Amino acid sequence: MQRKPVKVLVWDENASDVPTNIYPENVRGAIAAGLAELGGDTVEISTACLDDPYQGLPGLALNENEVLVWWGHRRHDEVTDETAARIVEHVREHGLGFVALHSAHYSKPFTRLLKCTGDLKGGWSDAEQPEEIHVCAPRHPIAHGVPSFTLAREVMYGGPFDVPPPDVVVFQSWFPAAREYFPSGLCWTVGAGIDPHFRSGHGHGVGQGKGVGRVFYFRPGQETVLTYFNPDVRQILLNAVRWAAKRT
Amino acid sequence: MQRKPVKVLVWDENASDVPTNIYPENVRGAIAAGLAELGGDTVEISTACLDDPYQGLPGLALNENEVLVWWGHRRHDEVTDETAARIVEHVREHGLGFVALHSAHYSKPFTRLLKCTGDLKGGWSDAEQPEEIHVCAPRHPIAHGVPSFTLAREVMYGGPFDVPPPDVVVFQSWFPAAREYFPSGLCWTVGAGIDPHFRSGHGHGVGQGKGVGRVFYFRPGQETVLTYFNPDVRQILLNAVRWAAKRT
Amino acid sequence: MQRKPVKVLVWDENASDVPTNIYPENVRGAIAAGLAELGGDTVEISTACLDDPYQGLPGLALNENEVLVWWGHRRHDEVTDETAARIVEHVREHGLGFVALHSAHYSKPFTRLLKCTGDLKGGWSDAEQPEEIHVCAPRHPIAHGVPSFTLAREVMYGGPFDVPPPDVVVFQSWFPAAREYFPSGLCWTVGAGIDPHFRSGHGHGVGQGKGVGRVFYFRPGQETVLTYFNPDVRQILLNAVRWAAKRT
Amino acid sequence: MQRKPVKVLVWDENASDVPTNIYPENVRGAIAAGLAELGGDTVEISTACLDDPYQGLPGLALNENEVLVWWGHRRHDEVTDETAARIVEHVREHGLGFVALHSAHYSKPFTRLLKCTGDLKGGWSDAEQPEEIHVCAPRHPIAHGVPSFTLAREVMYGGPFDVPPPDVVVFQSWFPAAREYFPSGLCWTVGAGIDPHFRSGHGHGVGQGKGVGRVFYFRPGQETVLTYFNPDVRQILLNAVRWAAKRT
């Protein structure tokens, strides 16, 4: 009784300033390698980037994949409104899963899916520092096999995080040097009849994954450090892809 | 080098339907007893209720105390706009700490302090069931000395919780029977120049306790069960009072 | 690429005083049902008991299975030395996995495999009370998918536990009513050239699963309560069977 | 109602190969500074070393202090039998608390108090590597205010650890590079009528702190890294001193 593999598309903005000694195949390459390492033949992975035709996201690619993983940092404005609209439609209408990484909190697909600014109200810092990542929902599938752990070097984001109330906080970060908290793993469900701020929801269970498309945000992922090679981060991303594809 | 005790006022709506075999001195009596038991001479506790003169909250009482603990359930509408306004002013302008318990998410002081509906977008249930409370910020003063624990009997709230993004999620609940999550311990800072939705905040550190008044919400506290006699809950409330008084 | 299922034999002493309203198919029935529920076709389960021919453990059964799960309480003395010797030989010489449950700490196979008394030096109590089970090794395969949790009703064991130093403590219990600790999930490796007290071991890695047979002890399992229907306990037992079979 | 400060003596072997850029006042200086930093006027700290008269431990010093903190690595043999016997007598007969650090597992006072070899049956490695320290007893006073955390650089010890069964395992380490576990925080009670292997204990509660002297072992503390400046380690040591003095 083999299940079909999860089809996932890993996209990045193909930034030219990503250090090639850390990410020789850009960030998308390391993310895809992590999914392949831990997921084996349970995932079917392809990659795309902003400089590909149709910005790497033709309707066909969105139709054929169950999950889109998104990493962008400096080129958010180059993503066209058409591209963003296509993604939003596929998530909200057709149930495409969307995994937003790090600076993607300011990306067009993320802010439009959730109808928020994505602002970091506690500020941020590019000074590399330790990030403690605490598991807040140990029974959630995205936390499966992942205890609280520390990334020795990351950049800092400070909460409050200007997003709609999530269904569940899976992880929360503490930056001991900056003395700031940030919700580093958040789940939402979006789509038909569900306002992203959940203000038109009614009755039981609106929030717990009963909507159309699943969205997960994961905070770490600065391109100047080795975050996407960390085994706990890799496990989280594989778990998130499976969850966004509604396999868990 | 003795510090002055924290002055705290524990208020409830003096509901007539609170079971007297569980809470013989109403809910406020059990909360006050818990603070006294663990806090000893580091806290100076008084109680008041909705049926007292000035609804138990004359300006004098608000001036003299550092923290107001609030429990209400069915009589939210009887709290006058004047009473609510007095509380909001003392928190936002003068730094009074505000600890909102359980159904207080729909109370006038809470929704006006945070400018939100306080809705439970995932619904709720009065069916008594276990509530797992997971520590999300183990280094936060409100979690000090409290591991993740389970209340055998509580009622269920389902997220998303329609409140502004918090500074930090200290606890999150999981209800295994209902399969629902809810953020059960949340901190905000409110006051001069800080929009409760933090959308006008600028720069670093807006969120981390640098505002005027501190607000903490704690979910458990159904009047039909023994929640306020639980030793972990009592420790959390004492920690919260100290935090809201800016002693930690 | 399907792996062969783990062959596991679940044995109990067929005690006549096990309440049939709780365990209608005796304890072994509930344990087997739990493994089947969560393990599906990845486990191949059979059961046996003390009143079966050869005390349920002919050499053939030991040859054919990879793991033996053992539950006994009052009939330890009826297990013959021959039966115990057969088990010890299969674990120490042939790598049979052995999962000892609850009162099995005083069983002949357990005490002879580990060459210890198995005494509860902090005493015990049959008064039913809550047991908090804390995860001590969140990355260990036996803890996979299991956070710290509470059993509302169990009996109490008090440490120190007179067994050889374990390879790893996977779980530790705290009984808040009795204020006692007990190591409730322990792993050892036994076999050729490894003294059970590990006093003749030399050099690196003696303890970490590099020996011949794997032994796991799990404390909860009083026959008067519903322990073996608890979903966390069931997950732990399935994890333990896989670990004892060297699949993880 | 001020309590008298805990009187604690911090001893080390005054090793000449401790790097002075890390520990300018040797290891004892950093430990004492940490206790003073967090303990303030609740602790009264003095230091001594192997090169002091009476090896730093005249009967007077043992009489006047409630707790002895011990760090030694290469000079265990220089500690005389007389010195060791004095310590053992004060712990077992008079209730002196004993906190043994790192390589002290091979020291004369430790092995004689517990009547064990203190062997590391899973080996060890001087290769610096991360050490994850997991809290196993979150309600124990020694874990108060300390979540699971990671030391970025330490040396590795592998279990099993050849010591008597402890009363409680407060912390357990996982070394991801070596894939080894070690119980890194252990409590025992020793003294009149209690065999260190607890094999002559009878009845309830022998193990839970009801004996004469309290012993705590804490694994980290390699002199080539900054362990004793880590804030979590400092909190653990202060907690341990208070526990060993029977203040918690």
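Every chain is named by a letter (A, B, C and D) in the order it is written, and numbering of its residues begins at 1.
One rule holds for everything that comes next: a contact is a pair of C-beta atoms (placed from the backbone, for glycine too) under 8 Å apart; a residue touches a chain by one contact, two chains touch by 3 or more.
These figures come from a predicted structure and were not determined experimentally.
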Proportion of interface numbers common to chain A and chain B (over half same, under half different): same
From chain B, the most remote chain by mean C-alpha position: C
Inter-centroid spacing, chain B versus chain A (mean Cα positions, whole Å): 32
Inter-centroid spacing, chain D versus chain B (mean Cα positions, whole Å): 40
Euclidean distance of C-alpha centroids - chain A vs chain D, Å: 44
Junction residues of chain D - those touching two or more other chains: 132, 134, 138-139, 147-148
Chain contact topology (line, ring, star, complete or other): complete
Contact set on chain D toward chain A in their complex: 132, 134, 147-150, 152
Chain A-facing residues of chain B, complex: 117, 119, 121-123, 125, 132, 134-140, 148, 158-169, 172, 174, 176, 179-181, 183, 188, 197-199, 201, 203-208
Parts of chain C lying in touch with chain A, wherever the complex brings them together: 1-2, 41, 138-139, 144-145, 147-148
